[in-house]
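There are structures below to look over.
Heads up, the next two complexes both have subunit A, just with different partners, subunit B and then subunit C.
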Partner chain A sequence: MTLWPITLVTFKEGIRNRALYGITLFALLLFGATALVATMIPREVGKVSVDMALSTISFTGLLVVLFVGINLMAKDLDKRTIYTVLSRPISRSQYIVGKFFGMVLIIIATMGILSLLAMAVLVLMKMTFAADFFSRFSWQLIILADCLVVLMLILLSAVSFLFSSFTSSSFITLVLTIITYIIGESLSGVKALVESPAQAVGFTVSPLTRRMVEAAYYIFPNLSLFDIKVQAAHALTVSSSFVIWTVIYGLIYIVLSITLAALIFTKKEFP
Partner chain B sequence: MDNINIAVADNSPMCSNNMIKLVNISKKYNAGIGEKRVLALDSLELEIHQGEVFGFLGPNGAGKSTTIKILMNLIYSDSGSAEIGGKDVRNPEARKVVGFLPENPYFYDYLTADELMWFGGKTAGMDLKSIRKRSDFLMTKVDLQNARKRSLRTYSKGMMQRAGLAFALIHDPDVVILDEPMSGLDPIGRKMVGDLLIELKQQGKTVFFSSHILNDIERFSDRAGIIIGGRLRLVDSLSKLLSVNSNLEEVFMKEVEAAEGEAAP
Partner chain C sequence: MRRLLIVAALILAVCLHAMALGKAADAMKLLPKDESQAFVLPSPLLKIAALEFHGIASDILFLKSTVFIGSAVGRKEKAGIKEWEWNWYAKILDASTDLDPYFLDPYLYANAFLPWEPGKVEEANRLLEKGSRYRDWDWRMPFFVGFNDFFFLHKDAEAAPFFMEASRRPGGDPMLASIAARIAFKENRTETAIFFLEETVRMTDDQSLKELYETRIQALQSIALLERGVGLYKKKFGRFPSTVDDLVRRNIINQIPVDPYGGTYSVALDGKVRSTTSSELEPHISPLMRSLH
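After this line comes the complex of A and B, so read on.
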C-alpha cells in the first residue's frame, strides 16, 4: 500500500512531461510515413505496413524509456526531490519498486495509445487496399508482437533503474542503457556468428572472443527474443512455448534488475 | 525500570521524553580520490526533549545539514546511533512522526500543491478526508490557497518553501525538522515561518531547526547548540547562553575564535 502513492506520483509526473508530446508527434509522423511507404510497395502493402507500424511502436517506446524514464529518476537525484520523498516513512526499496511501477504504468499507457493508433492505421490500410494483399495478416500475431515489445521496454527500463542506482549522473545512465539496448538487440546474432564453423563464415574466431561473447550473452538481456515483427508481418507461426519462455525470461530479468537496484539504493547516500 | 525513568526526568527539567537522540555520531566524507577524508561530524552528542524548540547554529559547512541528513537517514553515520521518538532512524517507521523541510526544497515539476499534499498524507497513512481537511488548513496557513491547483513548476522560491512547510506538516507530526527554514524568504515569509514555529511550540511539538542567522535562533528557540567544524561546542538553554554574554553574537563569535585557536597550533 505504501507503494501506491509513489507509483501514482511518478506516473503523473511522467505522463505530464512535455517530452511526451514531442515523442507522440514523432510517432504520428511515423504512422503517416507508414501509410505513405506502404502504398509505394502495393504488392507487399500488408507486410510492410505491419512491420512499419510495429517498428514505430518499439522505436517510440525506446524514446519514452530513454528520455522520460531515465529523466524521472535523474530529476529525483539531481534536484534533490528525493529528500522530500525519503523523508516519508518509506524504505529505499519501496521507493525504487514504487517508482518502477510508476514507470511501468507510463510505458503501458503510452504504448496502449500508440498501439491503438497503429491498429487504426492498419485498419485504414486494409480498407483502402484489396484483401488479397492482406492474405497473410493476423491480428493475433500483431497484438502478441506488440505485447512483447512492451515487455522488452519494461525490461530496458528496469535495467536503466539498475544503472541509475549506482551511476552519479543521468548521462552515464543514458549511455549505458543505449549500449545495453544495442548489445541486447544484436547479441544473439553475434553469438550465432562466432559459434558458426570457420569455413562457413570465412574467418576464424579466437577462443577468447568466443568466451567474451558468451559471457556477454549471459549478462546482457537478449532483447532480440522479444522481436517477432518479422513473424507478425508474414504471419509465420510462433510457438507458444517460445512465447512463454520469453515472457518468463523477461520477468526474471526485470525482477533481478530491480532487486539489485533496490539493494544498491539501500546503501546509497544522498549528501 | 521506574528508577531509570525518574533519573532521566530529573536530568531534564523540560520534559522526560527525548524525542531526538544522537549518541557519539561521527561522519567522514570522501573529499576525492587519493585525498584525505574530511571529518564532517566529530562524536556528536545531542538530546532534544519533547516540546522543545531547538536551534542549531553554526557557520556554513559546520555540519548542520550533515546532522540533519543523518537524522533523516539520507546519509549514514560512520559510528554512533541516532533515534527519533525512540526508534532508530534506519527504521522507516521512525519517520512516521517526523515532518522534514530540506534546505531549498524541490518537488515534482508537474504536480500541483494539492497532489503533493495527497502524497504526503498518503505515505503517512492518512485517509482522503483527513488529508483534504488538513491541507485546506495548511494551504490557508502558508497562503497558497490560490495556487494549490497550479503545477509546482510555476512556483517562486518562497512559494516552494511554503509548500515544503505544508508538506512537512501534513500528517501533524510530533517532531519537525527544518533545515534553514528561513533561507531565501522575504520578510513576510520569515514572519510566517516564525509564527508557525511559535504555534508548533504551543502545540507541544518538538522542533529542530538549523540556521546561520543568529537573530532567528535568538527569537524562536528554547535551547540552542553551536556547531563549528563538525564539533558541537556548546549546548544550553537560551537564557543561560545569554546570561554570560549580552547577546548571542558574542557567544557565537567567542566559540568561533576558540575553535580557530584550537585548530591553529
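After this line comes the complex of A and C, so read on.
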C-alpha cells in the first residue's frame, strides 16, 4: 500500500493548518446564531434550526475545501517539496490519489466534528422549545442530508484537484473551484429558467444560450442534487432511488475527476 | 506626555465614532422611502442566487417581513401602512415561500394580515393555495382559503370545497364539513364567520396574532348581538329601530356592546348595523364591515 503514507502525511498537514481554527470559530458563531434566529421565528422553530445547522455544516465545509484543500495541493508545488516527494519510488498518479484520500479524510474528520456540534445544537433546541414546534422532525433525514453534503464537498475537492493538476498557481485553482461551485449549485435552476416558456419568465432565450446551458449541465457537476436541506427540514419523503442515483453520480464524477487529474499530472512538466 | 496625547485622541475618536454612527443611522431613517425600494427579486433569480441555501434565504426574507410588520402595525401616523408597502409585503412573503414552499410561518402571516387591512384577498389566497399544494398534510391551508372566499369575497360556492378538503386532512375539525353545507345555504353569515375565527384562534400559537384575531371576533360578536336585537325589534314592532339605543330602551338588549375598535354603532335604513370605525378612521374594521353587508 504505497498510497497510505501520502494520505497520512496529507491528513496530518491539513489538520495542522491554522485556517481550521478560524473556520471552527466561524462555525461556532453560526451555531450560536442558530439559537438566536430560531427564537425570532414564531412557529417553525424546528425547521429554521435544521436549516441553520445544515447550512452551517455545508458552508463551513466549503471553506475547508477552498482554503485548506487547495492549499494542500499547492504547497508542494509552490515550495518545490514536490521534487523530493517525486524522487521517491511512487508514481505521480499514486501521489495524486494519495493526496486526494488525505483530503477526503480531512473532510470526513472536520465534517464529523461539525455534525456532532450541529446535532448538539439541535438537541439543545429541542430541549428548550416545546415538542409541538418540532412536529415534523426526522433525525434520519438530517443525517442523510448531512452525508450528501459531505459527498458534495468531496466531489468539489476532487474537481479542485483536477484544476490544480493543470494550473500553475493555487489562486487560479481557487477561483476556478469557486466558479464551479456557483455554477454547480445554480445550474439546474438556470436550466429550468431557460427551458421554461418565454411568457412565464418574461424574456426570450436564444437557442444558442439554451444549447450552451445544456452542454454546461453535462460538463459541470450538478451540486444541487446533493442539497436536500429543505426536505430534511420538513421531514419530507426522499425516495431511495434518488439517493442511490445521486450517490452513484457523485462517485462517478469523483473517480473521473481524479483519474483525469492523475493523467494530466503525469504529463505535467515542472519548472 | 506624548502617550497621554495619543490616549486622549483615541478616546475622542471612539466618542466621535459612536456619535457619527448614531447621526448617520438617524439620518438614514429620514431618507425618502418609496416604491423604488420595495423591490423583490423575481423568484427564479432568487432561487439561483440562493445557491444551496434556499432554506436560510427563505427564513431571512420571512424575518425581513416580520420586522416590517412589527414596526408598521404600531405606526402612529395617520396614513398608516401605504399601498406599496403592502404590495411589497405580499411580494416578499411570496418570494419566501417560493424558496421554501413548505415554510409555515409566511403563510400564517399572509393570512393574518393581507386579506384584512389592505384587502388583498386574492394575493393571500394565491399564497395559501400554494401552501395547500405543498403542505398537503396541513388542514389550515385550505381552511384559510375557504374562509377568505366565504368571508371577504362572498364566493360561497367556491369556499365549500376548500372546507371539505380541510375537514378531510389530519387534525381538521369534522364540523367543517357540515359548515361547508351550511354556508351553501347562506345561513347565519356572522355566526359562521365567528365560528371560523374561533377555529383560527384555536390553532394560532403566536400571542400577537391571537390577540389580533380575538379583537376581530369581539367586533363580530358585538355586531352579531346587535343584528339579533334588530331582528327581534323588527318582529315586535314591525319596523327597524332608528338607533341602537332603541334596543336598550325597549329592553331587547341589556346594553350596547363595546366596539373593540372604539366606534359607536348605528342602524341603517335596511336594518344593517354599522360602526363608525368602519370608515377610514380604523382600517381594521372596514373590510370586516364590507364583508358583512
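The rule is simple: the second predicted complex is superposed on the first by the 270 of 271 C-alpha atoms of A that agree within 3 Å, B and C clash if a C-alpha of one lies under 4 Å from a C-alpha of the other, contacts with A are read in each partner's own complex, and residues count from 1 in each chain.
We take it that a residue touches a chain if its C-beta (ideal position, glycine included) is under 8 Å from a C-beta of that chain, and two chains touch if they have at least 3 such contacts.
Nothing here was measured: the structure is a model prediction, and the numbers come from that model.
When the two structures are aligned on the shared chain, A:A192 is found in touch with subunit C, with no touch to subunit B. After overlaying the two complexes on the shared chain, residue contacts for A:V230 are found with subunit C alone; subunit B is out of touch. Comparing subunit B with subunit C, more residues of subunit A are touched by C.
Judged by the touch definition given at the top, the superposed model places A:P89 against subunit B, while subunit C stays out of reach.
Contacts of A:R210 after superposition on the shared chain: neither subunit B nor subunit C is touched. Under the contact criterion defined above, no residue of subunit A touches both subunit B in one complex and subunit C in the other. Subunit A meets subunit B in the complex at residues 2, 4-6, 8-9, 12-13, 16-17, 75, 79-81, 83-84, 86-91, 94, 269-271. Here subunit A touches subunit C in the complex through residues 37, 40-44, 47-48, 50-52, 54-55, 58-59, 132, 181-182, 185-186, 189-190, 192-193, 196, 201-202, 223-224, 227, 229-230, 233-234, 236, going by the rule given at the top. For subunit C in complex with subunit A, the residues that touch the partner chain are 42, 44, 47-49, 51-56, 58-59, 62-63, 66, 100, 102-105, 108, 205-206, 209.
Residue ranges of subunit B in contact with subunit A, taken from their complex: 29, 66, 69, 72-76, 92-96, 98-100, 102, 104-111, 115, 118-120, 122-125, 151, 164, 167-168.
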